[in-house]
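Order of writing sets the labels: A, B, C and D. Residues in every chain begin at 1.
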Amino acid sequence: MDCRREELLIAAIARLLEGCRNVAVGMLSPIPGTAAMLARARDPRVRVLGILSGNSFTNGGVELFDLAAQGRLDAFFLGGGQIDGRGNLNLVGTGDYPRSEVRWPGSFGSAFLYALVPRVILFREEHSRRVLVPQVDFISAPGPAAEDSRRRGGPHALLTDLALFTFDRERRRFCLESVHPGHGLDEVIASTGFDFDRLETVPETPTPDAETLALIRGPVAREIARTYPRFAAKLFPDAVAAS
Amino acid sequence: MTGNAPFSSLEELAAQVPDGAKLAVPRDITGPAMAATRALIRRGLRGLHLVCVPTSGLQADLLIGAGCVATLETSAVTLGEFGPAPRFAAAVKAGAIAILDATCPAIHAGLQAAEKGIPFMPLRGVLGSDLIAHRPDWRVMQNPFAEAGDDPILVLPAIRPDVALFHAPRADRFGNVWIGPRRELMTMAHAAKETLVTVEEIVDGDLLAEDEAAAGTIPALYISAIAEARSGAWPLAFHDAYGADAVELADYARLARTEPGFAQYLARLLELDGE
Amino acid sequence: MTGNAPFSSLEELAAQVPDGAKLAVPRDITGPAMAATRALIRRGLRGLHLVCVPTSGLQADLLIGAGCVATLETSAVTLGEFGPAPRFAAAVKAGAIAILDATCPAIHAGLQAAEKGIPFMPLRGVLGSDLIAHRPDWRVMQNPFAEAGDDPILVLPAIRPDVALFHAPRADRFGNVWIGPRRELMTMAHAAKETLVTVEEIVDGDLLAEDEAAAGTIPALYISAIAEARSGAWPLAFHDAYGADAVELADYARLARTEPGFAQYLARLLELDGE
Amino acid sequence: MDCRREELLIAAIARLLEGCRNVAVGMLSPIPGTAAMLARARDPRVRVLGILSGNSFTNGGVELFDLAAQGRLDAFFLGGGQIDGRGNLNLVGTGDYPRSEVRWPGSFGSAFLYALVPRVILFREEHSRRVLVPQVDFISAPGPAAEDSRRRGGPHALLTDLALFTFDRERRRFCLESVHPGHGLDEVIASTGFDFDRLETVPETPTPDAETLALIRGPVAREIARTYPRFAAKLFPDAVAAS
């Protein structure tokens, strides 16, 4: 079945969300947002929180964080300018802090949500040694420490344009789950700045089946057009025009 | 309530932010007072300790570029879909401002501590982050209620702004301000010593008279000054009232990449409001 | 929001409060679920740890008199202008219930700690009160941010109710509940594991669709069950909807002075709702 | 000028509130409530908070306490089943706690507000050795301790049906300010269970002047009729009927 890069990622994230009830998504995250909407289209008990048009919060900006601390938030997405093999995230900048060579926006809620939300999905399209580094220059949000038994928060998986990894808490290492169609293991190794575990033969990331693609391109596309109009218009012009 | 509503012009309102003030402002989607921000820049404000609740965008970048900011306390500064905040990044790299990097719920917790008049508030998570090493004003202590074993927890000092400044849809003639569900604005007003508000319009009637409106209203007792400013959040979007001015924001993002470009943009911007 | 609104009958709702639950209820003027309280008594609930937010009146007195309560955590119980709460006073004197005397802001602080998922919350004042000596679950610690000298401060453990129960003006068909400015109800819903609500009416439309209504609305995600109960706060007053039934309340205050009088009142009361 | 007992108390409290901006009053406190309204009638900058029909709070029941902790509340009223000479208040009960002989409702917010509100006015109409005791059986809210330099809260004064006392923080004792008309020093001493300081000649509590009485009986009476209808109907039937 012919499927676009974004559709593959959307379907992969929706699989990672299986069994979740409350999923929060940032406003500038159209691919995770679309994936969450796909999960909801499949299971109406799924709630997608934090997208502007959803308006599901009524206690101000603190509510998302309180919700996570109450244990009500099942999944969230984080990225980062740098991600290292221990699962540490850097959203602050490169070089010596505070006078960073490259300064990124800042840590946002990552230092908190990464520790508290059980299924944090790391999503970063660019898969390169610039992003996936041996060690981050600044730890905005740390990967789980060995002794940190109280932590219930992520990481759960890392998804890029090339591959899908899961995270092994015991070993404190990523494990390559699958490589996307059209890419190879060598390319993944060459583009990753840290060591990771893998099976002897790494499967290919499954492409979405016809039913899933129909859902994405139909009702889900129409729904996300309200929240991510530019993204929807680019990716699903037919669905947007029809709605 | 009483009839001492503190209405003023934008310039009078801006004059109530002293040099060196600890100034709290909301994130871009909540309603920064952009017209008032231009008035602050025009009057040459200096030495601000800017607290972004919990992030900022155009407002912080403008104030930094215009030289108003000495210290920046924030969880992030970004222009969102228009890209990075160039004056922020340049000032941090140059060491021109002191930066207090935070994480969103820590800023909310600090304000809530001030709202409650308590010296500190605990927060889960964050342990192991380099943020802590660079925040000598934060502490890690043992949870006094731990049932067993080691249970360290971050505690954050109260953030008590000298001034909170934001834009809201409306105020009534008694000085009550309607903010709807954007509750962090109420926390800011409770936490700050003085609260300055610009509004799209001043309406008749009493916002506290009926529960429906009262549920989203900050009572006048927390409000120090109100100025009417139509399109007061421009060029940012303001809820259902108006969208973002994408041309203006793209223009800013492009010009502000260099210092001369920023100066050119700022000169044009300040001219807009005229004198 | 999704279409899984949890509507049920009063009896189904009452069945969701297990014996021994930590149950949080609001003070008389905020909206106790009195019809649901009768359903709880009718089903013979036992062993409650009742948390009054931060006080109670008729509701606590009825539940105590009917033998539903093992532990009472409250800042006060009173029938207000109708006098003392007789079953409360009798049960305390007889040692029939365990009493955890508190002070209003301590109960709010404990719930806010649960809302924020933090193990404790500091509170100023209270030091020197005998309340502290009788609350082994409270602690006094040094303020880690004290600038100089001794600065003890009370810290309160989070109060995480198993169930919050209250009456509200309306819910929509998605399960969102409008509470207006009675914000402690939102804190209770955020803090509790399950939240059960009775409402005067279930309305069409989406309470979250417009900012005006959303500002006073608890989103459905915090709500476990909703039952429609017209006059659900009777015989207490309910905001603008109806006043207190002064005859009924005076009757209660008089009869409940003795145990047989209370039994007589209760039998008549439970008959009212019929089966 | 002929004045009723309640009017004398109202005028006395209003004098104690001079210079205050934000005054909070409980719902079952008609005399302090009327006094606060009188203070507002004289100075429109006075805000009277916490009376139901005023509806001045929009953050739920916690707002009054947060307001006090923020330092925005200038004056509040407290009573108590027992008050002792050190300024300790008992709102819990007599005898051995917890199985009190007489159990009162409970401490409400007293333990907090008494420590934080600068001008706490103790108001208890009954002036007897049953109420004004040598030592309370249970300290709901303590009087100021000698070493407690951080405390900014009350007591400021104690007003009863017989007399007005102020509280001396240094000496930790009440000082008799004035005795109400129709009562004598001997009666006050005989009815008070604790020692107190006093001047050699104790003045009489001033009765309200004609202007004050006109304010109380006119605009103030009409205003409080909405909040305390029974109280107003009993005390000011003419004003209530005219409104």
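Throughout what follows, a residue touches a chain if its C-beta (ideal position, glycine included) is under 8 Å from a C-beta of that chain, and two chains touch if they have at least 3 such contacts.
Predicted model, so just to flag it, every value in this text is computed and none were measured.
Across C-D and A-C, the chain pair carrying more C-beta contacts is C-D.
Chain D has its Cα centroid 29 Å from the Cα centroid of chain C. Inter-chain spacing, taken between the CA centroids of chain A and chain C, is 40 Å.
We define each chain's centre as the mean of its Cα atoms; on that basis chain B and chain C are separated by 36 Å. If you average the Cα atoms of chain A and of chain D, the two centres end up 60 Å apart. Multi-chain contact residues of chain A, defined as those touching 2 or more other chains: 55, 57-59, 66, 69, 116. Residue positions of chain C touching 2 or more other chains: 116-118, 123-124, 151, 181, 186, 214-217.
In terms of which chains touch, the assembly is arranged in some other way, matching none of the line, ring, star or all-to-all patterns. Chains touching one another, given as pairs, are A-B, A-C, B-C, B-D, C-D. Within the complex formed with chain A, the chain C residues making contact are 1-4, 114-118, 186, 190-191, 208-209, 214-219, 221-222. Those residues of chain A that touch chain B in the complex are listed here as 27-28, 52, 55, 57-63, 65-66, 69, 91-93, 97-116, 138-142, 145, 148, 150, 153. Across the complex, chain D is touched by residues 27, 29-30, 53-55, 74-78, 80-81, 84-85, 88-89, 92-95, 99, 101-106, 108, 112, 123-131, 134, 151, 181-187 of chain C.
By the touch criterion given at the top, residues 22, 40, 44-47, 49, 54-59, 66, 68-72, 116 of chain A touch chain C in their complex.
In the complex of the two chains, the chain B residues touching chain C come out as 109, 116-124, 139, 141, 143-146, 151, 153, 155, 157, 179-181, 211-217, 239-240.
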